[in-house]
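Shared chain: chain A. Partners: chain B in the first complex, chain C in the second.
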Partner chain A sequence: MLAYEFMRTAFLAAFLAALVCGPVGWFLVLRGQSFASHALSHVGFAGAAAALLLGQPALLGLGLGAVGGGVAIGMAGDRLVGRDVTIGLVLSVAMGIGALCLHFLTHSASSATALLFGDILGIGPSMLVWLGALSVACLLGLAIVARPLLFASLQPEQAEARGVNLRLLDILFLVIVAVATAQCAQITGVLLVFTLMIAPAAASLRMGFAPLQGMGIATLLALLEGWLGLVLAWYTNCPTTFWIAILGGSVFTTATLFCRLRGR
Partner chain B sequence: MGLGKTKGILCPILLGIGAVFGFATMKVGYAAPHALSVVAAENTWGDLAAQIAEPDMHVSSILVSPAVDPHLYAPTPDDARRVADATLVVANGAGYDTWMDHLVQASALPQAHYVRADAWAGWHEGDNAHLWYDLNAVADFAQRFEKACEQADPAHAKAYAERARKLQADIASVQAQALALRPHVQGMAVAATEPLFTPLARYLGLDMKENDFQIAIMNDVEPPPIAVAAFEQDLAQRKLKLLAYNVQVEEPASKRLIDLAHKADIPILPLAEIMPQGTHWQIWISSTLTQIGHLLGVAQ
Partner chain C sequence: MSSAAVQVSGVTLLRQQRPVLDNISFTIPAGSFVGVLGGNGAGKTTLFRTLLGLEKPSAGQIWIEGQPTQKGRMSIGYMPQVRGMVAAQLSGWSMVAAAQQGWKWGLPFYNEKARTDIDAALAAVDAQDLASCPVGSLSGGERQRLMLAQALLDNPRILLLDEPLASLDPARMRETAERIYALAQARGMTVLMSTHDINPLMGLMDHVLYMAHGKAVLGRVEDVMTTQTLSALYGAPVEVVRAGNRLFVVAEGGGASLQSCMCVGHGA
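For the complex of A and B:
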């Protein structure tokens, strides 16, 4: 299986994505923002459609669109009320713009629609370098904000009283999420970013680990999901995305059952 | 939350990852085939390639069933494997099958072994992507593909050249058929529910209407209301002599138009993106041309 260049690349790409998805997803679930990651990937899709219209690469549009969406959600977001309303609104406005871009497009939109379900088997060497760079950027960013972010996530009032700028932190975090989403969308597609980012993290949180261990477990679970998904796809010839999504669901279900049985 | 518990969870996960990795590195099955092979994205180009390359190379196509929309296809691991093992890969290009570009990129196949129909000098970014309906593009593709065969397998160069000559003669006779039809149908107003018919219509000198509507349907967005209204009016007033539609795309919006055309007694031409099985490109296009002549009231 690894004799094939495209499989080696796919394994590496899944590894890079898992590296980012674990910690970023952990914070997302902790902060109750998992809907944001789902929304940002869709906003990114609108960005990809716009990029196509301007003759730019779809990945660039995807990244910029998601970052723009993240900033918008962070700026407009209110900590106490209407978080999901803001996210939903940003999402629908972006999708509307995306539809408009596709409307003005006079040639085939297939390179944007290909992003919907991902293309892990079609990642070239240059794309892999890009994914690696995005991973490093994400992890660096997260390492910088991790400490105040954790504080702000668990005890927002106290954090604010200690002079932590919650809104700025929120925006910075959402930008990191946006970059991670753009990267993850290459693997699972825009529609299923949730499965690689949220499912392992949710399972890890369900089992109740300390932050660092929790993030580590989430990363390992994401890696297991991605790699096992690739192996299963190889032998069954079903789409990788399908397997990753199914595995995501089962990882979370197993974790839940496990905790129930232990009476936690 | 002791260390013991972390270990209890960590062990199975690590074991799982280790097992997956071990499994992945195992060398089971799938030995690279020895014979030279060609993989085509769609069976239209696969058929043209096979007429030149077979039997010296084995040609297979990824999209062979009219049930799938090539614009929206996502390749399977098996497709990726076939591409990685291939000597030559052919595709339409023009943004129509970008997934093939990605597979080729990921497989480390030399660019010279990837023959795309859109490399034809007559195609420019943004032009119509349905190149197998463009008779000049097909002739050019056949020529470039034959060169690629000779380069990849010099031992059989003569055989490739011989078969390519035969194919070029067939393409030329399809072109002659179209040119004979052209004076009879030139300037007639026709329409289609998708831009599939445009290259052939241009070759025949037909006047293609309702282009805004067609692009919207191709890209799965809502057609502009004004375009729909104009289309329906042109059908009702019988301003169009022919309505072509894509049998592979069942859109409510285009279904309505087909019904309207039925009511207005406007001839309807079914077209496809994937060739029906058991035929060849030249037979397929030639019968389409005959059908067009027949529907437009030209006896050939």
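For the complex of A and C:
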């Protein structure tokens, strides 16, 4: 399996995605913003489809769309709390715009499937470099905001009283989430970002690890999902994304059962 | 108790043109233990947020230890009201640790000194045994102890406690109030503690700050908790009733029904 360059590249891409999805997902679950990654990937999809239509790289459109969505959600702040109908409509409209762009995208039909469901086996060396750069950017950003972000997530009023700018922190974090989503979508597609970003993090939090340990465990679980998904896809001829999604569900279910058995 | 810990002068805070704080003035000497009383919507939380510099008054001035108030003042420890719990699986220690210099950029690493400070804060509220428990498994009172431990990090000189007795049974209320009082005495802290019920604080307070309709009056319990003073504050006749060593504020015509009383204390 590792004799093939595309497989080696795929393993490396999964590794880079796991590095980012673990800690970013951990904070998303902690803050109750799991839906944000889903939302940003949908908005990013519209951007990616538009970019393809304009002859630009999908990753560029995906990144710009997701970052724009992240800034908008962050600036809206509390005004979006309880506005599930509004958010749902924005997501639907974004998907609709994406579908329209893909309708006119006659020269690259396979790109549509890759955008929606990912194409980890199609990642080339140049894309790998981009994914690496995005990983570094995300991890650096998160390393800078992690401490106040943890404080603000657990105790926003106290954090605000201590001088933490909650709105700025929210925007910065959502920009990081947007970049991570753009990166992760290359592996899982926009529809299944949740599986790699949220499932391992939710399992890790469920098991009650301390923050830094929890982020580490989430990263390991995401890596396990990605690599095992590739191996299973190789031997079963089923899509990698299918296996990653199944493994994501299994990881969370196992963690939940484990915690119940331990009485937590 | 010579210098002023908190000075509020003619502060008005409007929200949608409605005065939440209405031209209030008071001075709290350093080292005082003050009960901040009033019903829902009286402006207690808004007053705390204004003292913290989180809300900007429309008029008036606030000084904290002689300096104009501002966000991020390390000399003030703040314990907000208990809300819905996030991260139910995180341990009590992790919960408290998040507040340890949590405003600084960087990773949440805790060196030896930070760990000692966190352990000391937990010990100060007798919560060492809660350190390893998932926060979600704790009772409301136990969570409040963790939040108090968070507020005590950085050794504040002024402590603002927003409803720390909420959702506790009467025995626990008194126990918690006595614990906070003992801490304040040992550390020489000024404490402003908001509550609906004056009785757990009886005998502990130096002053009571009574708030109603955005107005406030500060004084000794026996001076403030009178029918005349509170009727003037409410702008309507109320009666202060003593039952043993407990106090009740009853709206005139409210009868004995708790439902129709603006009840400061409840018999237990």
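Please note the rule applied: the second predicted complex is superposed on the first by the 233 of 264 C-alpha atoms of A that agree within 3 Å, B and C clash if a C-alpha of one lies under 4 Å from a C-alpha of the other, contacts with A are read in each partner's own complex, and residues count from 1 in each chain.
We take it that a contact is a pair of C-beta atoms (placed from the backbone, for glycine too) under 8 Å apart; a residue touches a chain by one contact, two chains touch by 3 or more.
Owing to the predicted nature of the structure, the values given are computational and were not obtained by experimental measurement.
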### Clash-or-fit label for the pair chain B, chain C on chain A
fit
### Message
With both complexes overlaid on chain A, does A:Ile144 touch chain B (first), chain C (second), both or neither?
### Response
second
### Message
Quick one: is A:Leu30 in contact with chain B, with chain C, with both, or with neither? Answer first, second, both or neither.
### Response
second
### chain B versus chain C as contact partner of A:Met207, first or second or both or neither
both
### Task
Please tell me which partner, chain B or chain C, touches more residues of chain A.
B
### Task
Consider the C-alpha centres of chain B and chain C from the C-alpha centre of chain A, and write down the angle between them to the nearest 10 degrees.
160
### Task
Report for A:Gly163: first if it touches chain B alone, second if chain C alone, otherwise both or neither.
second
## Note on the structure
Smallest inter-chain Cα gap (chain B/chain C, superposed on A) in whole Å equals 6
### Query
For chain A, which residues lie in the overlap of the chain B contacts and the chain C contacts?
207-208, 210
## Note on the structure
Touching chain C in the complex, chain A uses residues 30-32, 143-148, 150-155, 157-164, 205-208, 210-212, 259, 264
### Query
Which part of chain C faces chain A closely enough to touch in the complex?
52, 54, 71-72, 74, 76, 78-80, 86-87, 89-91, 93-95, 98-99, 101-109, 134, 137, 147, 150-151
### Residues of chain A defined as touching chain B within the complex
1-7, 9-11, 55, 99, 102-103, 105-111, 113-114, 117-119, 121-127, 207-210, 213, 217, 220-221, 223-224, 227-228, 230-231, 233-234, 237-241
### Task
Note which residues of chain B are touching chain A in the complex, please.
1, 6, 9-10, 13-14, 16-17, 20-21, 23-28, 30, 32, 71-72, 74-81, 83-84, 94-99, 101-103, 105-108, 125-127, 129, 215-216, 218-222, 224
